[in-house]
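Just so it is clear, A, B and C label the chains in written order, and each chain counts residues from 1 on its own.
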Amino acid sequence: MSADVPGVDSNVTAGRRPILSVSDLCVTFTTSAGPARAVRGVTFDVYPGESVAIVGESGSGKSVTMMALLGMVANADISGSATYRGSELIGMEVSRLRHIRGSKVAMIFQDPMTSLNPVLTIGRQMSLVMQAHQPDLSKKAARTRAIELLDQVAISQAARRCDSYPHELSGGMRQRVMIAMAISNNPEVLIADEPTTALDVTVQAQIMELLGDLRRDHHLAMVLITHDLGVVAGAADRVAVMYAGRIVEQGAVGPLFADPGHPYTRGLLDCLPRLDERHEIRASIAGVPASPMSLPPGCPFAPRCSYVESRCSESEPFLERHHETLSACFVLAGDGLAAAAVDG
Amino acid sequence: MTAIAVPAARIRRRRPAWLRGPSLIGLISLGVWALVAVTIPLWTPNDPLAPVAGRLLGPSVKHWMGTDALGRDVLTRTLWGARISIPVAVTVIISAVLIGTIIGAAAGFLGGWVDAVLMRLVDITMAFPPILLAMAITASLGPGIRNALIAMVLVWWPIYARLLRAQVVAVRQREYIDSAVAIGASRWLILRRYVLPMSYTPVLVNATMDFGQVVLLTASLSFIGLGARPPSPEWGAMITEGATNFYQWWIAASPGIAILLVVLACNFVGDALRDSFDVKEVTR
Amino acid sequence: MKRYLAIRVAVMPLLLFGIASIVFVVSRLTPADPLVSIVGERNLTNPQIVAAARARWGLNDSVPVQYAKYMKNLVKGDLGTSFTTRRPVLHDLLDRLPATLELTFVALLIGVVFGVGLGVLAARNRNRLIDHVARFVALIGSSLPAFWAGLLVLYIFYARLGWLPGPGRIDPRSVAPGHITGFYTVDSLLHGDWSMFVQSVKHLILPASVLGWGVVGIVTRLVRASLLDEFSMEYVRVARAMGLRERTVVNTHALRNALLPTITIVGFLFAFLLTGAVLTETVFSWPGVGSYAVEASRKLDYPAIIGVTILGGFAFLITNLITDIAYAVADPRIRLS
């Protein structure tokens, strides 16, 4: 799937090849209790400069997908393909993969409290990341660049902060440091794994704003992993919704929010607080997320789905066109008529 | 990033770590040594104290580990050595645990200045390098295996006192103990019902490790000349004899290997027990 | 932090007082008559000699008076006079201390270097053959009787192979380098005597290895466990995701943190080595405090035994204090609080 993906802005992608291309990626953990199928055939592309959000509950496989393509998943069988500018990442030796990690494809993580080494200064940790990919970089030059980067992510007194230890910084500042570190080698793709989840609400907005600015300034492609559709709206061009190791719906942000073609996406949207509603209680999707250890036959969402029909538990639906998105649902997608009927 | 967390819970039941691998070998080895210590008089190949062949003979088919300076069979003497080291270590550990339990429980329950005094005594005793204190005490009491034993008990009890006191304090802070006290349970009852059952595993883990260390220290004291004296077939004393006949390597070989085997076995078992029960070792 | 250290320093004299008191009590436990070792068995029946000796060594006073005298002398740094060498115990100890310290430092170095090395090797190859072998080698070290291991390596490397010199700090016919620090390796270098340096290093190899091997197991186990802990930390994953070399991830990131708990046991290690030094020195005829202690114990030389024991306790206290400071300096979270 590439050209006919709904929602891929032809202005952005015209005549260009995806920078990151994942196809039919499967990750199965071997545990003592049996195989855990964390990712089951995920396919998507990321084009230069584009921002793609991967949304899903924890355990849906969204982080594992991204970790797997950077070769950071241990004790697992990985199949399928993931290419960066045409070179296959799955199965690549770590020694080669290392030159892509942090250099071409950088990643920032959820918890800035634990993502930094407590016994090394900020500057030292940033220098290590730079020197990993630019061995000729002198200590002094690395430090100068680190200060510059800290300045760029709007950390005041950057020169002084350079010699600080992580525990001397607030959570938001640490995440800024992480971001500075991630962009220090001018990557082309930035993977942001729940970058704001561990932060205060006010700080969350600042960090998202910073990421947006950097993306524009550096022409970065971004993959935003989040469980919160609310974060997605302003930050992503396209959205892929994951459930039980699969993409169950994808499309451009606008259509997907306006007219979701999968009950799970609808459920996620219902969970969002709305400005036009006064009551405080938010809806949540009933039931528990499907376990990768024991998936039900048929559609894994069926046990929690309010649109469920008998065919849902017979076979698993694949992505099909639903208006302007692709959706893996027998009931809402495919013929499209049922969806309209239920919607009404 | 909890997505990658894979359930670690094991579904299949396996034998506990201390009944597998090196630990099992260690347990069997300790069992064999105990058996030797008990039964050696019944099947001893030679007299451990009387010359049975020429002096300083190398290993041969008849005398597997050779003979010593007096023509005694080294292997026989090594096997008889278990009759000294193992009972001594058992006695030291049991006495240390008993004394430690009493003092630790007293400190924990009585609190106040009794606690303060006893625990400072523990701190100071544990501030000494064990061998130096044991040497000083043995030297004061007079050389000999009995006094070495007493010295080792005096060196070792603080470990268990500290351990027991910690358990008592932990138990006392639990709410259900408050209610037990409220309904009139005596300290003795609390000790028996709550503290001692909780203390079994940490005491067991420490005692297993310490057993090897006591065997080692017994041999060390004898090697120095403060413990068992010749002609006793004590392992440390035998190694001293081996040191005087330096070029006849076989005299020291068997007792050395015997110590190594026992201590290694204790370390194997102790390691596995510690890992199974996740117990913190009281180091000294 | 500063306050904590100040308190630690302030209680030192109290602990030292406790140590000295315990040693005094221990020394008076004796049913044996120390006179035996002073005047010899034959003269015990001679009342004149006995009385003179008792007066000279203060054995006529009551126990509390003896205690008071002993404490007073102790404060002045007077540990009494050795029965056997007839010199002040303090002088004996100071003469012999450098030999022990040199041996112990080198052993500590060997123990920590090999322990950390094996620990890293084991952690990086967790549950593989290398892991098991590394841990077994380390465990053997903690299970070997040092005095026996000493005889063993002497037999192999000195008697059989002739690769390394025999017992002692230097060859029997050599003359010790002029006294500056008392460490032969350092002194020979300071005198520019290269061959003496080589000689003293060669003499150090066997005893220090035997002694150091005893702590390798402790260090290996600790480093392995704490490295494995660190490997599961988020920052290690981040460092890998940023494309750092595995070597940098282990050595610069994880090991820095994993070594913090190791620092906390350096004092304990030092004590362990002191314990081992007593026996190692005896086997290697190393003229240090350990062999002095053994000779004193054999001859029931009480002032000497007491002196050594106090020194041992004192060394323990000092190393514990140093450990606390080292830990605080190494961990910025503590240093800066």
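Here is the rule we go by: a residue touches a chain if its C-beta (ideal position, glycine included) is under 8 Å from a C-beta of that chain, and two chains touch if they have at least 3 such contacts.
What you are looking at is a predicted structure, and each value in this text was computed from that prediction instead of being measured.
Trainee: Going by the contact definition above, tell me which chain pair has the most C-beta pairs touching.
Mentor: B-C
Trainee: Using mean Cα positions as chain centres, tell me which chain lies farthest from chain B.
Mentor: A
Trainee: With centres defined as the mean C-alpha position, give me the chain A-chain C separation in Å.
Mentor: 56
Trainee: When the centre of a chain is set as the mean of its C-alpha atoms, what distance in Å lies between chain B and chain C?
Mentor: 22
Trainee: Check each residue of chain A and list the ones that touch at least two other chains.
Mentor: 109, 111, in rising order.
Trainee: Give me the residue numbers in chain C that touch at least two other chains, ranges are fine.
Mentor: Where chain C meets two or more other chains at a single residue, that happens at 234, 237.
Trainee: Residues touching two or more other chains, restricted to chain B: which are they?
Mentor: In chain B, 1 touch at least two other chains.
Trainee: Give the list of chain A residues in touch with chain C in this complex.
Mentor: 70, 72, 94, 98-103, 106-107, 109, 111, 114-120, 128-129, 132-133, 165, 167-168, 178, 181-182, 185
Trainee: Touching residues of chain B toward chain C in the complex: what are they?
Mentor: Those residues of chain B that touch chain C are 1, 120, 123-125, 127-133, 135-142, 212, 216, 219-220, 223-226, 236, 239, 242-243, 246-247, 249, 252, 255-256, 259-260, 263-264, 266-268, 271, 283-284.
Trainee: What part of chain C is in contact with chain B in the complex they form?
Mentor: 15, 18-19, 22-23, 26-32, 139-140, 142-145, 147-149, 151-152, 154-155, 159, 217, 234, 237, 265, 268, 271, 274-275, 278-279, 282-283, 293-294, 296-298, 300, 302, 305-306, 308-309, 312-313, 315-317
Trainee: Would you mind writing out the residues of chain C in touch with chain A in their complex?
Mentor: Spelled out, the residues of chain C in touch with chain A are 233-235, 237-246, 248, 252-253, 256-257, 260, 330-333, 336.
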